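Down below are the structures I want you to see.
Here subunit A shows up in two complexes: once beside subunit B, once beside subunit C.
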Partner chain A sequence: MIMNPITNRQVLDLPIRESGAKNRNRIISGGALVVALAVLTVVLPFVTSGYVIYIANLLLVFTVLSLGMHIVIGEAGQFSLSHAAFYGLGIYTAGLLNNAFGLPLILNIIAGGLVAGLCGLAIGFLSLRMRDIYLALSTFAFGEAMQWIFLNWTPVTGGPNGLNFQPAHLFGFTFLSDKAAYPVVLILALVFVAATFVIHFSTLGRSFRAVRESEIAAAAVGIDVKRVKIFAFALSAFYAGAAGGLFTTFSTFIHPESLGFHTTILVLTMVVVGGIGSVSGAIGGAIVFGLISELLRQVPSYQEVIYGGILILFMMYLPRGIFSLIGRR
Partner chain B sequence: MELEVLSLFLQQGIASGLVTGSIYALLALAIVIVFRTTDVANFAEGEVYMASAYLAFFLIAIVSMPFWIAVPATVFAVLIGASLFQRVVLTQVAAAKGVSVNLVIATLGLSYVLKGIVRATGFGDTPRSFPSVMGEGSVTLGSASLTYLDLTILGAALAIMAVFFWMFNYTKIGRAMRAVGMNRRASQLVGINLGHVQMLVWGLSGAISAVAAILIAPKLLMTADMGVVVTLAFAAAIIGGFTSLPGAVVGGFIIGITENLVGLFVSSRAINVAPFVVIMLVLIFMPQGLFGGKVRVRKV
Partner chain C sequence: MLTRRTPLRAAAVAALLSMFAAPALAQEPGLTPTSIKIGLFGPLSGPSMSYGFDVMNAARMYYDKINAEGGIHGRKIELSVQDDRCNANDLVAAVKKLVEQDQVFLLNGASCSAAAVAGKDYVVRSGVPWLMLNASADGALYPPQPNIFGAFSISQRAMGGSIVEFAVKQLNAKKIGYINHDDAYGAWNLEAAQFQAKDNKVDLVVESVNPNISDVTAPLLKLRAANVDVLLIATYARPAQLILKKAYELGFTKPQVLAVNAIANVQQLSENVGSKDAFKNVYIQEVLADKPGSEKLKWVYDMYKTSYPDLASKPDHPQVYMPYGIPSAMAVVKALQDAGPDLTRAKFIEAAKKLNFDSGVMAGPIAFGENERAAQKASIFLKFDGAEMTRVPGAFASRWTYQGQ
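Right after this comes the complex of A and B.
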């Protein structure tokens, strides 16, 4: 095979430095942003109506999806283009369990995450045999095959007609509206945000990044590269599946059409535009691109042209992500 | 199933498979030459193909250009468009942060833009049929029957592949392309203009996609989503090892014939998922494909 020997590091061009070392400017502006966001999330349900809350819920789900993608591509440096499939597995698992047994919400979400995580474990084994573009293409193929199953396994998924869910419930309380679901979605999304920061600064996170920088060097310092890679895929899939479970708290309908490659691309864009390798970048990217893709629904005929144009311009002029603007000297 | 029917199905499946396979082979060729010389997996390939078909349709059916002007005009326009994309966008992306995930996202951006343009013009709203200049009628080979259009597609595709192989193997510019594919820095040292070669490769890949689109369009109903066939071309490229040109062609024919046989013997619904199963199986069991050569060991 004629290819230049490139390492994962060159493929993704990830920042070597830990995100702890920053200048004061960045900390101040970053802190201001976090405070503003916190105020906004608390005030939101009191000042706005249904549609805005729906968007807020959706953005929180995207945040969890984006964090899952961040773990596999940003921390561990592995390409994964089957995120929408894991998300779909989570949605169908949680929704179908809810319809069949009426379990409490938390159990549905955990079950969704576990089913997706097991599937991610299997995909993780692929990453042991291939990398870069080959890994990207095989995970892409897996994602498309899963969408085909969602579309064609009519007795279970409802096929092209989509699937309706019963409203989810927790501690005897049934979520009938976006507003009712919002606090739960917010708290669970924050749990995932906190977990991702914990992972980022833990031994596990450092092992992920060591594998990303150089598998051989990582192995030399005693990291079990195979186990770390497989675990990154499984964990990322668990996040996506749990995001799917979260989705069922405020939405009562899913159609396989929305679980295709373009959803994976949306999540990948969030991570890359946010600034690949940074946790806060993945969150910021999810909020910014989630909003952009929702706002573009207002102009259906130009939606794709504008979205594509934004992607190209970002890659041309802001490749290090939106946060590279903040606190730049 | 009776033996006679079986043999008829087999012959017809292989004959039709060669026709559609030649289109997959052309698209796979376009993907592979771009990947070899610029390290970019062009995820916009399907949309370049789709947009070319619509451009040709626009020139022939709306501007009412004669066929013999419209076809070269389309091919030329797509050639220019693709090389400009490489020149203006990809060099900037590579200069800003030359990493493959960013380049891939830039090509995905192009695919959204092209699809969006076709939808915004309103041509993509209803399926359209592309005018055919070939006469009606068919030829029977053995017990398989092929229309004149089928024969034209196969013949033209083979001719283009032959010209392309000649160019790639025996001309100076072809040698420059191969050199860039082998080692970028060394090729610059021997005086090859890297920027020009990469631009030309993108242009050629666009031209090949345009020809493929014009050839197959009369057989299909055109929609803005017709670019999804590119997954079959990716499957073909993977079977061939993703960096080998003969591999891409052989892979294209294998996929085309498999697709038709699956359609005849299994079910038409299975056709849609077959390429992804093929991609996964090939990558799991034979990551280098049929023509990919040996694995290189990477160093720290």
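Right after this comes the complex of A and C.
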């Protein structure tokens, strides 16, 4: 356990820079993994079924969701348990705009992100008055309230019957299958991945991490802590809303049951098991745990036990996350 | 212009075409001369497992029986099974795996309505025939889609129409109090209830309540003030218990009829309402052909015990919805038989549209039509005194039909 000498509070256990040879090996293994993933993602639609592409699309959406949660929890160190609500806001906004005005996909995704981002901004103000478990409970309450609204605002959300959307379209092309949607979902997910890396290495990313480690120390070096915290929440919510918009690329139906606390916990698990504070960890966690969840569907009698067992093993033997094996970025 | 090479070219083109055309005709997915692959799916895990686990077992045991009898036109049924967790995303993943990866000929699955609706668009686009299990799924059945068939237990609309029919024909009600939910399910059952009331020339006084309501005094007082002859309770189980309890406290003595979706567990209902006197004039709707455990349905429970002796020895099995899996599997088998030995998906869908048979399990016939995709529209009613159930003679059917709204 590492303690902050100024605040005397526990801080995230970031790894110490390792020797050059070891570091080089890790960069090579990480690079090889990235190249292998890149080849796989490109050839995937040509060698596999629509079902596999549907799962790939879902994993890409969960990757964007995880990156959003990574920003607020991993980078800025703030508790947030309302991610499913922001995701839902993005889905409903994008879907409803498509139904009502037939807007192109990109505009729907941006709108979904903006609506969720505005709500995230409001939640960000909460973070100025609360922290730790109190902030976690407040954001949890917001998530529950939003699910209640999704379930009961029947004229708008379809209520418990769910809501059907028109298939998304872009430049006159309508996405009627998973394979058709895959390139767009992939490109947009990569945009969010790239943006997250840019943020990570930018002044903003450093400000996030400074606030995470010590608000007092961050303020002492001239960082506007309030603004940074609010921005972290808004940006995180924007990612989640945009992930919702992305979901409407290949899915034409949403039910509020899919937007409950279990979705937030699933994303949190992805971020934590992937490696909290690590961009590649958030991506890897989303892919690995998304795949595990789908694979376990094939063994229904044991899936809860296996899932729990895997989670415990990860926490015991890889507490810094899966991707601590290949680097922290 | 004809040349010496024309017949040669024509032959070459014909040969080329036949190379592609012949396999195309022979290659209906999931079909071989000796087997038909069916995608069976429902909740096999998670909190909603009880809605479908034994329903799937019932369908499976019926298919085993058909295979033991020699199959259908020489083909044995092969099952490819998937867990949909009663969750929209998981159902879509299950369906896509069955259709695109496992290459099934048809789908037989879904026990949860909300999740089932999520699969509608994909199934319509893919053209694969889909016969649901016990999901009511009005949202996927209306407007009718060419290749989707369901409501083998009962649709929400048929539930509403049937319960009003009982109130009019059996209880001689002229003014009916009707409590439903203010959500999509409530709107669906009310639509048919209003149609049936109008058709029978009786008044329907409606109170729509939130599914999470905690105090039902106001809607009950309104219905009592309206002096209704009978109270129909078309809510979920928890509000239904509150309504029965409050009706007793308010001294409401007119007949009260609980819809099938208002009853999760009759014993629990009785315990939660508290007083046996509250059940002096209570009826419950049932969509099976007779009381569960009656002589008429004994063969279903016996078949279950023979097929799954280990499960049957456990206290919670068979689960309450188990018999609902039989009519769905029966419909699949009958449509396969009617479609003939030269089976195609198009022939199967045409045969399914014309199905009309008595399953011996459900209260009414399993019947589809050119513009009808909900199978079962009738229910029976049981007088419930808080402990024992007594069958009221007859079955009561909804007459509402889809008119292309």
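The rule we apply is simple: the second predicted complex is superposed on the first by the 302 of 329 C-alpha atoms of A that agree within 3 Å, B and C clash if a C-alpha of one lies under 4 Å from a C-alpha of the other, contacts with A are read in each partner's own complex, and residues count from 1 in each chain.
Heads up, the rule we're going with is that a residue touches a chain if its C-beta (ideal position, glycine included) is under 8 Å from a C-beta of that chain, and two chains touch if they have at least 3 such contacts.
This is a predicted model, so every value here is computed, not measured.
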Inset, instruction - Classify the contacts of A:Met316 with the two partner chains as first (subunit B alone), second (subunit C alone), both, or neither. - result: first
Inset, instruction - Mind working out whether A:Ala116 is in touch with subunit B, subunit C, both or neither, as first, second, both or neither? - result: neither
Inset, instruction - Tell me which partner A:Ser138 touches in the superposition: subunit B (first), subunit C (second), both or neither. - result: first
Inset, instruction - Examine A:Met69 and indicate which partner it touches, taking first as subunit B and second as subunit C; both and neither are also allowed. - result: neither
Inset, instruction - Scan A:Tyr54 for contacts with subunit B and subunit C and give back first, second, both or neither. - result: second
Legend entry - Dominant contact partner of subunit A by residue count, subunit C or subunit B: B
Inset, instruction - Quick one: classify A:Gln303 as touching subunit B (first), subunit C (second), both or neither. - result: both
Inset, instruction - Could you tell me if A:Asn152 is touching subunit B, subunit C, both of them or neither one (first, second, both, neither)? - result: both
Inset, instruction - Applying the touch criterion given at the start, work out whether A:Val267 contacts subunit B, subunit C, both or neither, answering first, second, both or neither. - result: neither
Inset, instruction - Considering only touches as defined above, state whether A:Arg129 meets subunit B (first), subunit C (second), both or neither. - result: first
Legend entry - subunit C-contacting residues of subunit A that also contact subunit B: 152, 301, 303-304
Legend entry - subunit A to subunit C touching residues, read off their complex: 49-52, 54-55, 58, 152, 154, 158-162, 164, 167, 176-178, 251-255, 257-258, 294, 297-298, 300-301, 303-304
Inset, instruction - Would you tell me which residues of subunit B are touching subunit A in their complex? - result: 35-36, 39, 41, 89, 92-93, 96-106, 108-117, 119-120, 181-184, 231, 234, 238, 241-243, 269, 272-273, 275-277, 279-280, 283-284, 287-288, 292-296, 298-300
Inset, instruction - Can you check the complex and tell me which residues of subunit A touch subunit B? - result: 1-5, 7, 10-13, 73, 79, 126, 129-130, 132-134, 136-138, 140-142, 144-145, 148, 152, 214, 216-217, 265, 268-269, 272, 276, 301-312, 314-317, 319-320
Inset, instruction - Going by the contact rule at the top, pick out the subunit C residues touching subunit A in the complex. - result: 44-45, 82-83, 85, 87-90, 92-94, 96-97, 99-101, 114-115, 117-118, 120-121, 125, 139, 182-185, 210-211
